[in-house]
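Chains here go by letter, A, B and C, matching the order in which they are written, and residues are numbered from 1 within each.
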């Protein structure tokens, strides 16, 4: 939504009320879905014979009660911001990139290669070089899906699902062959992995400035992620590419008639999405572990999809959604001690939250649409009663993947 | 003796075939009814953890012997898959949530739910004790005595493999010869037409999605109890996605699905047994694992053949309403 | 022609009575206390403008929409119809404007679907039943063929057979001729007469007055959700029906401004492509409106889209002011001075989810005036433009910040016109520019198009409405099966133009 006021002399109050209604509507939907999640979670907690209020406060205290906890929250949020942004960029263009998973896996491989082979560089150069390698790896992997979509009409949902699986094998191959450690690390049964990266490859820890233990691995990457969110917001709202992306996403026919190249726009969005996805693996590679091993953190790409929904595909909303996700994830630790409720409860809670978010947004959007139509007035709407007859479906991001397995563009030539 | 290796690889491929085929059939029912189901992996995961529990519970706790204990375990996995698929059905059919979105959520939630259930069932969150009960394995009559070591391919198989292999008959019959199948398919091709003829689209779509859960759940249960012997986190290893790939490349057809399920199963089995065979030893095993996915991408991009999904699959249908 | 004797006289008891049906959609009163009677063995035409509530009323009868108020009587008894299933059980069938057929299924599968008789299908027996049914009404159809291989007319036959298979006595046809060629329409009318002879009652929804006068026994006119009158073909005429439909005499003619015809602006030579265009040649000069008349589906869409650059023609040339622009991108064609009003406002004209100001700049968003070298949009400039457009073209909206979806159809079209004409184009391509608009908006659009001519611009008007062609054009050409089949002066007899629209002999301007 536009942030600027109207330049023109129009009844601003009504406009503001429109926008307000949308924001309030979204806010209420989010609040409602949280309440539903907490409510359903309470039933589970009671089932374990505990007091919901106590368990919830334990979770929130565990993550928000101490500087350390907060440090962990932000460290968890960092890769999720990148991942959700990657999803959101494609969403805005009417595409569903569920390949962030594979794109960051490939990004980790290229980044690890850069970290190991450019070890002669000083830290100032090596860290950016690693990130660029990750960006390029993610972009390359996304480009496959993007090009196939644009050139052959192969639906991105199908191709990215497949590319995710291929990426997993690719990483396994990389750490088995070209990037396999040269000196076996000490210990008997060590996981397969690369050699340790040089110390210069690590991105600086910022936890120390806030009294967070190094174990949280809170790094400068957090600020990179926030900067990325702002850049993506600007890109989508204030630039030609963002404008074209949204036009293509909402009405491809109109975009084409307006002289916009659909394929070109989609491909560029996929590349940007892939670049963002490439950054997802940085937290674990160069803020935390310092090597790429078989036991890498998976599912960050899929979790990013959940975070993107939670943040309504709004780049700024995504920052907060990722933090909320981090709060819940970190709070899990607090359940380990002195609670009958297993820590896995938090994952269930996150799942319920996402499900209720998805459903309440869907319902809220319909309501809002109906009300808008109502306000468009009888005269106008009557003409369009044909459109009404087909009861207008929801539009926008959530619909992006709707025709996943029906690539009609291809079938009709 | 190379034949033995090939025979063993084929024997393993039958096991993978069973998993891929059953899960793929699940996807087939869902998608032919018009609901895209990329949550197959998640449904399988639920099947693994509940199936492993069910096999133990019915065999050890209730002391039901062969074959009832393990069999009920498989059915329990199927039932739990069916129930979990209900989430996808409610979201996509009743609330018209985007099918892909819901499918992703299903996969995500399944991970957490599996750990949660494992904690409840086994007191540990990432695996159960190995060596769980399973159906007595069997040799296929005649085929298991093929000469040259080839008989090995048909020996020592879970009876459930045969169940999967003959499953094509009832499935094909139900889809093509029953009124129910005609209606289910019409909902996947043109729900508007179905509704205008008095068919309750949402009812059939619910059935399609729930059946997909049952199949994927049974497949997961088979994997955990019959193949591995216990539940372990991550044991599905993307087999749900391979099933989806097989489904797509077989053009949503149960007979062709049989072939591709076996082919992809064989590709999965190669690295386990035929790593050192000539030609194959030139390729790292990881590349062989990529084959099913690469083949599917090539097919969906239209480079070879042509796949045509059910026309309405994936489209939120407004007229469906609630049950 | 007069109605057959089989038509139910006023004396026979009505088969269906709709009493004070009221149906609301969000913000729309689609049916306002509508009464309607249908008698046995009659063809009852339901006519009205787009949005008058004809289809809605019949969907209420067919159980697709619940009515808020009103009662329905079938054969004298009050009934509740809450689903198509109920309607079918009462002997009511409906053929929708857009066919609802399952493409990969055979004719038989489509017909028996939902009424399969037995749980295990016996397809050959079913095919026999379908063949027998088709024969009994003299319908030509192959029961074993997949529907995706059928022509439009055959598909419609399948739809009618679907209803007959369910033993309906009452058949509702929603705009059945909209998609048919004249030949197919003739076949359809023949079939309808056979059905009437067999005692079926038919509701014929249409806005084509000639057809209604030809086939109907009785006519009910709807306007803005209300019944404005009921009549018989013998008692009325086309102008009187038109007046009933729109509520005031139709503006069949506007004053055409005079303007000196300038040089050739658009020259199209032997344009062909995709099997839909088979060598179109035409010329439009400055200060001239060239009307392209024709039955829809004869290449109109392909012609417009090839000219604007959305399609690449296989052969032939397009020249603007003598410069060739064949196969250029939309962007280049627009920059060369072509404006375009697409036939589909929602998938071509506007991005409904985007705001009015964002829509106002579509197509010019990469002009140096509206975005910088780094691709940053100049939001303030764009909003100024939008405000100007909204004011000059009287687009009724609360603000330029709301999405285009909140505009009425007429105002959406005004916004498109405003945007397209702002650039001072050399050529305006207007494809079906008044489709789905009410009379007031049609008048606005027509005046605006005439004004372009007065300003010396060239206008290519593509329309399926002959009235529109006559009201605006300085010259008329007819398009049939992708070819220009005739050229006519603006005062040519409509019958002659009609011959051209049906592929008749090529005639030169006298």
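As a convention for this text, a contact is a pair of C-beta atoms (placed from the backbone, for glycine too) under 8 Å apart; a residue touches a chain by one contact, two chains touch by 3 or more.
Predicted model only: the values in this text are computed from it and were never measured.
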Legend entry - Chain pair, B-C or A-C, that carries the greater number of C-beta contacts: A-C
Inset, instruction - Could you tell me which chain lies farthest from chain A when each chain's centre is the average position of its Cα atoms? - result: C
Legend entry - Central chain (distance from its CA mean to the mean of all protein CA atoms): A
Legend entry - Between chain B and chain A, distance of the C-alpha-averaged centres to the nearest whole Å: 28
Inset, instruction - Report the inter-chain centroid distance for chain B and chain C in whole angstrom, where each centroid is the mean of the CA atoms. - result: 47
Inset, instruction - Provide the C-alpha centroid distance between chain A and chain C, rounded to the nearest whole angstrom. - result: 43
Legend entry - Where chain B touches two or more other chains, by residue: 311
Legend entry - In the complex, chain A residues that touch chain B: 96, 98, 148, 152-155, 157-159, 161-166, 168-170, 172-173, 176-177, 299, 302-303, 305-306, 309, 342-348, 350-352, 354-355, 358-359, 362-363, 390-391, 393-394, 398-407, 410-411
Inset, instruction - Provide the residue numbers of chain C that touch chain B in the complex, in ascending order. - result: 64, 83-85, 88, 94, 96, 100-105, 109-110, 113-116, 118-121, 162
Legend entry - Residue ranges of chain B touching chain C (in the complex, touch as defined): 177-180, 182-183, 185-186, 189-190, 192-199, 311
Inset, instruction - Report the residues of chain A in contact with chain C in the complex, numbered from low to high. - result: 2, 4, 6-8, 10-12, 14-15, 18-19, 238-241, 243-244, 246-247, 250-259, 261, 370-389, 395-396
Legend entry - Residues of chain B defined as touching chain A within the complex: 31, 36, 38, 87, 91, 95-102, 104-105, 107-109, 111-113, 115-116, 119-120, 125, 238, 241-242, 244-245, 248, 284, 286-287, 289-290, 293-294, 296-297, 300-303, 308-316, 318
